[in-house]
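As written, the chains take the letters A, B and C, and residue 1 is the first residue of each chain.
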Amino acid sequence: MASLQEVPLPGTALAEELDQRLLVVLRDGRKLLGTLRSFDQFANLVIEGAVERIIVGEQFGDIPMGLQIIRAENVVLLGRVDEAIDAPEGLTRIPAAQIKEAQKGEKELNKLKSTIRARMDFLDLD
Amino acid sequence: MLFFSLFKTLVGKEVTVELKNDLCISGALHSVDQYLNIKLTNTRVHNEQKYPHMMSVRNCFIRGSVVRYVHLPPGAVDVEVLHDATRREARGG
Amino acid sequence: MADDGETATVKEPLDLIRLSLDERIYVKLRGERELRGRLHAYDQHLNMILGEVEETLTTVEIDDETYEEIIKTQKRVIPFLFVRGDGIILVSPPLRS
């Protein structure tokens, strides 16, 4: 029995994380916070009370997402978050609507940068 | 099963996991499973300013499929034993 | 002798890799990465352990002012490295002179 306890059964790696408040990082870079309620051997996840955390510069905000079922292949990592450190150090929390606006602004700036680059490529200044 | 067995011998050792999204996490290897999913404790993220959301994370589960490299402590593994195990695995598989 | 005969047969691609055990090999990876190091272990997925690895990362940066492409190579040495096989594009055995 001792050896059985040392080696966990296959696919049970996340059992210790059940009902814990976790940070889930997804492959597209998005970050969800929520409580892990279920998982399977592939690490498909069920997250309750999820919020998407958006960070733009020195500001961050949480968008409520409710119950989320996440397909395993999109999961990068799960981290146990210290509930005492709710806000990332040095960042200011702003309301959901405002952080969405800030994110939109950042996206448009990046788009503009790549458009300019594409045009320069087209001109081929070499 | 070669690498699963190998990582099991490294439990408790300090490793650095480099992910395909360039995130680099150091910590003590807590456990590994047959998919080479990795759990680290006492984690530290390199270039933390770039990943502020990771600041409050001290333990984490990393899905095996997103791993690019694992930097291992040199000297933690006997390379002769590793060669023999690899040849045995090559014959068997 | 029998053992020699067994190690020398090359019937499938992975046999070539078996013959490179404890030799320095070249590995090309996704994301413009290349590795040179001593092969200590591998499996059927091409997961590997390399020793005394030199990684070369090639990046293309865009100059903010002129929008010119600047190609940079960064090198680093890693003493003992596990490489996940799914990122590997090709493996080249050592050059035998």
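The rule we apply is simple: a residue touches a chain if its C-beta (ideal position, glycine included) is under 8 Å from a C-beta of that chain, and two chains touch if they have at least 3 such contacts.
The structure presented is a predicted model; accordingly, all values stated were derived computationally and were not measured.
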item: Pair joined by the larger number of C-beta contacts - B-C, A-C; value: B-C
item: Per-chain Cα centre nearest the global Cα centre, belonging to chain; value: B
item: Rounded Å distance between chain B and chain C, as computed from the means of their C-alpha atoms; value: 18
item: Inter-chain centre distance, chain A versus chain C - centres from mean C-alpha coordinates, in Å; value: 32
item: Residue numbers of chain B (touch at least two other chains); value: 65
item: Where chain A touches two or more other chains at once, by residue number; value: none
item: Contact set on chain B toward chain C in their complex; value: 2-3, 6, 20, 36, 64-65, 67-77, 79, 82-83, 85-87, 89-90, 93
item: Chain C contact footprint on chain A (complex, rising order); value: 116-117, 120-121, 125
item: Of chain C, residues touching chain B in the complex; value: 14, 18, 21-22, 29, 31, 40-44, 47, 49, 51, 78-84, 86-87
item: Partner chain B, residues of chain A touching it in the complex; value: 8, 10-11, 13-14, 17, 23, 25, 27, 29, 31, 43, 53, 55, 60, 72-73, 75-82, 85-86, 88-91
item: In the complex, chain C residues that touch chain A; value: 62, 66-68
